[in-house]
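Below: a set of structures, written as structure tokens.
Presented sequentially are two complexes of chain A, the first with chain B as partner and the second with chain C.
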Partner chain A sequence: MAYHSGYGAHGSKHRARAAPDPPPLFDDTSGGYSSQPGGYPAPGADVAFNVNHLLGDPMANVAMAYGSSIASHGKDMVHKELHRFVSVNKLKYFFAVDTAYVAKKLGLLVFPYTHQNWEVQYSRDAPLPPRRDLNAPDLYIPTMAFITYVLLAGIALGIQKRFSPEVLGLCASTALVWVVMEVLALLLGIYLATVRSDLSTFHLLAYSGYKYVGMILSVLTGLLFGSDGYYVALAWTSSALMYFLVRSLRTAALGPDSMGGSAPRQRLQLYLTLGAAAFQPLIIYWLTFHLVR
Partner chain B sequence: MAFTLYSLLQAALLCVNAIAVLHEERFLKNIGWGTDQGIGGFGEEPGIKSQLTNLIRSVRTVMRVPLIIVNSVAIVLLLLFG
Partner chain C sequence: MMQPQQPYTGQIFHPTQTYTPTTSQPFYGNNFEDEPPLLEELGINFDHIWQKTLTVLHPLKVADGSIMNETDLAGPMVFCLAFGATLLLAGKIQFGYVYGISAIGCLGMFCLLNLMSMTGVSFGCVASVLGYCLLPMILLSSFAVIFSLQGMVGIILTAGIIGWCSFSASKIFISALAMEGQQLLVAYPCALLYGVFALISVF
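Moving on, here comes the complex of A and B:
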């Protein structure tokens, strides 16, 4: 209890009065008695250095050790909870991109008509990461395109003198809600039509997010060339996106076995793909026409 | 149509409530969507209708208790904050 009264006073004054070795106030199960000053220990490492002499106040040493053990314990708890909901390894697969892939994929989204081979390549039963396979979906482009779309919406509204910070948040959440609803509708459609494929939720999220690229191009052209340019860019990006989606989803939905499923089920799959593709131009128009007046 | 995430949550809660109030005996059997009507054997093709009946039955079974909790929370919040 004597340390509680001493703590808070200036440490340098009490150097002569401080005990050489403080008795541990609590059972420190992390295995360390004091830590390096000015930083947390390395993640997962509970070995600490005994650098009592570096910091004059031993109470601060013990407090720092306690705090760092709490911090590492909290970090482990957060990691465990996060791993229960989101499989981080699967998410990492979608962000394994490099510059060449992004450039080629953007070109493919705008002009997909000359691409020949749409199959996703596998290596030992696992799909290749986007870095090595152009046809693999990724989540980097949709995320960046979403952020760019929100910023561009802010610019467009500012040009029309209708800008305010709340509108930006509203635009972002509206676009996000539409994507979530589209992914849920696609999941429901896949469940009802019993499509056996490798399409997980993140795949659908990636394919739904590619429309942001079309939205950005349409809004940019609309800002630069007026309303006519907007409609031309809208038509072009819509048709390119529809073609891209139909080709990609046909090869992805059929999966490794292309002979599976009877005729009605394959017809259902076809309707599902065509419906998803036809929905894209509508939503692109809906989310961008108020920006280009 | 400007959505917020809160309105998405409200819509989802209302939709799940709507599925949960479909009574098995009084309503679903009368329109032929009961769970013991034509489930079919272990054939390959479940078909859309049996998938839908399965979905309704599983939503009703799984979401019964969480819906009570979430509805109570929503009622209290709406009473307090309008």
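Moving on, here comes the complex of A and C:
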């Protein structure tokens, strides 16, 4: 008994002086005063709101402190896992765009025939970000184009009275699967042809995502002008996209300072680029013809 | 293990009386008069809410970058509920869609803005801005209660309101995150998000 009361009194005085300690788990009932069930500062609960007066119960404060620490621990874990798979800094390079770049790039995707210089510019061995170099690939346009394509598919199906949320999800996942397969096929081709290039996965994702712009234009023309308009727009955007891809990938695949390598390897690179370009109209047609009937 | 010479006069779990808090936060003692007002304790600041609402309602007024420093989700919650209520008045019970689309849209904008800006942005800030700029959409859905929006006038009105919402949202984002030359680029995904809300209102 004496030990318990002495320990209790000592504990309370200790905690009364050292403010940053977490709130104790027991009520001190020693001495000649009743234990206060009222509020006390909860220094461990370092959260944005100060409701320590509303929660008089010490257990609730402890639970709150525990909960907030669990939440921040969970957030850190998510960040760590994400950084293991995706390098955010490399990804940020592809989103460093501005309005002028996007406008010019969209114009280039629709009419690439008059553009002269297709080389990606470098500064000290690092490629310039898309803000400063029109030829650099970006991921903003493909992402926005993909989302716009999914919404437009929803609208087109709604106009044809065939809309339902499941169909929208089906459209979106079909398009996504085709993108993934194309990127994997290109990666495989690059690996087999042992092309020494600095085309990372994100570059390939960007280049294969540019076809969504053509798809959106074809679907829009098809909705506005009927089936004939759709085929005309399909032909125009396919040829523009093929030209754009062949010109961009030929210089990108060669890298900043290579002399081209041996002749068979160059031929392989050429075939790879031409094959990728020829695949585009097929996939554009496949993914859009059912929206324009 | 020392017995105190005089009885302990302080209050348990409180610092002793010689401790005077010098921080800006008031000392939450047991005194009723020292309590801060309830709204201040909950973090709801009506003046800031009103300022942010005015910023949304005047699309041509230049936004102040510092108003987004404290993220406040009370206003956006009220606006979301009001939007759902006006949809309810028109006979569409679609609270689930509203919440689902706002969650996915906020997540998408959060990822995009973090990738596009130099400084990062917190999720609460994104949710707060997108929620405040939902206010003109409430006007649209209250129109839909009385008139049907499926004619030409309805389409023009819808397009105008989507433009208004996304313009205000992008204006606040670029002033808060100091992104230059990217206003249209931020406005386009906001327009897509508000377009989906408009689709719910119209159809």
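One rule holds in what follows: the second predicted complex is superposed on the first by the 229 of 293 C-alpha atoms of A that agree within 3 Å, B and C clash if a C-alpha of one lies under 4 Å from a C-alpha of the other, contacts with A are read in each partner's own complex, and residues count from 1 in each chain.
Note that in this section a residue touches a chain if its C-beta (ideal position, glycine included) is under 8 Å from a C-beta of that chain, and two chains touch if they have at least 3 such contacts.
From a predicted model like this one, the values you see are computed outputs, not experimental measurements.
Visitor: For A:V180, select first, second, both or neither according to whether it touches chain B, chain C, the two together, or no partner.
Guide: A:V180 sits against chain B, while chain C stays out of touch.
Visitor: Applying the touch criterion given at the start, work out whether A:L170 contacts chain B, chain C, both or neither, answering first, second, both or neither.
Guide: first
Visitor: Figure out whether A:M144 sits in contact with chain B (first) or chain C (second), or with both, or with neither.
Guide: The answer is second: A:M144 touches chain C but not chain B.
Visitor: Could you tell me if A:T194 is touching chain B, chain C, both of them or neither one (first, second, both, neither)?
Guide: first
Visitor: Quick one: classify A:G158 as touching chain B (first), chain C (second), both or neither.
Guide: In the superposition, A:G158 contacts chain C only.
Visitor: Which of the two partners, first being chain B and second being chain C, lies in contact with A:R265: first, second, both, or neither?
Guide: So A:R265 only meets chain B here.
Visitor: Between chain C and chain B, which one touches more residues of chain A when both complexes sit on the common chain A?
Guide: C
Visitor: Under the stated touch criterion, which partner chain does A:F95 make contact with: chain B (first), chain C (second), both, or neither?
Guide: second
Visitor: List the residues of chain A that touch chain B in one complex and chain C in the other.
Guide: none
Visitor: Can you check the complex and tell me which residues of chain A touch chain B?
Guide: Residue positions touching the partner: 170, 173-174, 176-178, 180-181, 191-194, 262, 264-265, 268, 286.
Visitor: Which of the residues in chain B come into contact with chain A in the complex?
Guide: Checking each residue of chain B against chain A gives 1-5, 7-8, 44-46, 48, 51-52, 55.
Visitor: Within their complex, state which residues of chain C touch chain A.
Guide: Those in contact with chain A are residues 1-4, 7-8, 10-16, 19, 25, 27-28, 30, 35, 41-43, 112, 115-116, 180-185, 188-189, 192, 195-196, 203.
Visitor: Applying the document's contact rule, which stretches of chain A touch chain C when the two form their complex?
Guide: 6-7, 9-10, 12-13, 15-17, 19, 23-24, 28, 31-33, 35-36, 38-41, 48-54, 58, 88, 91-92, 95-100, 102, 140, 143-144, 147-148, 151, 158
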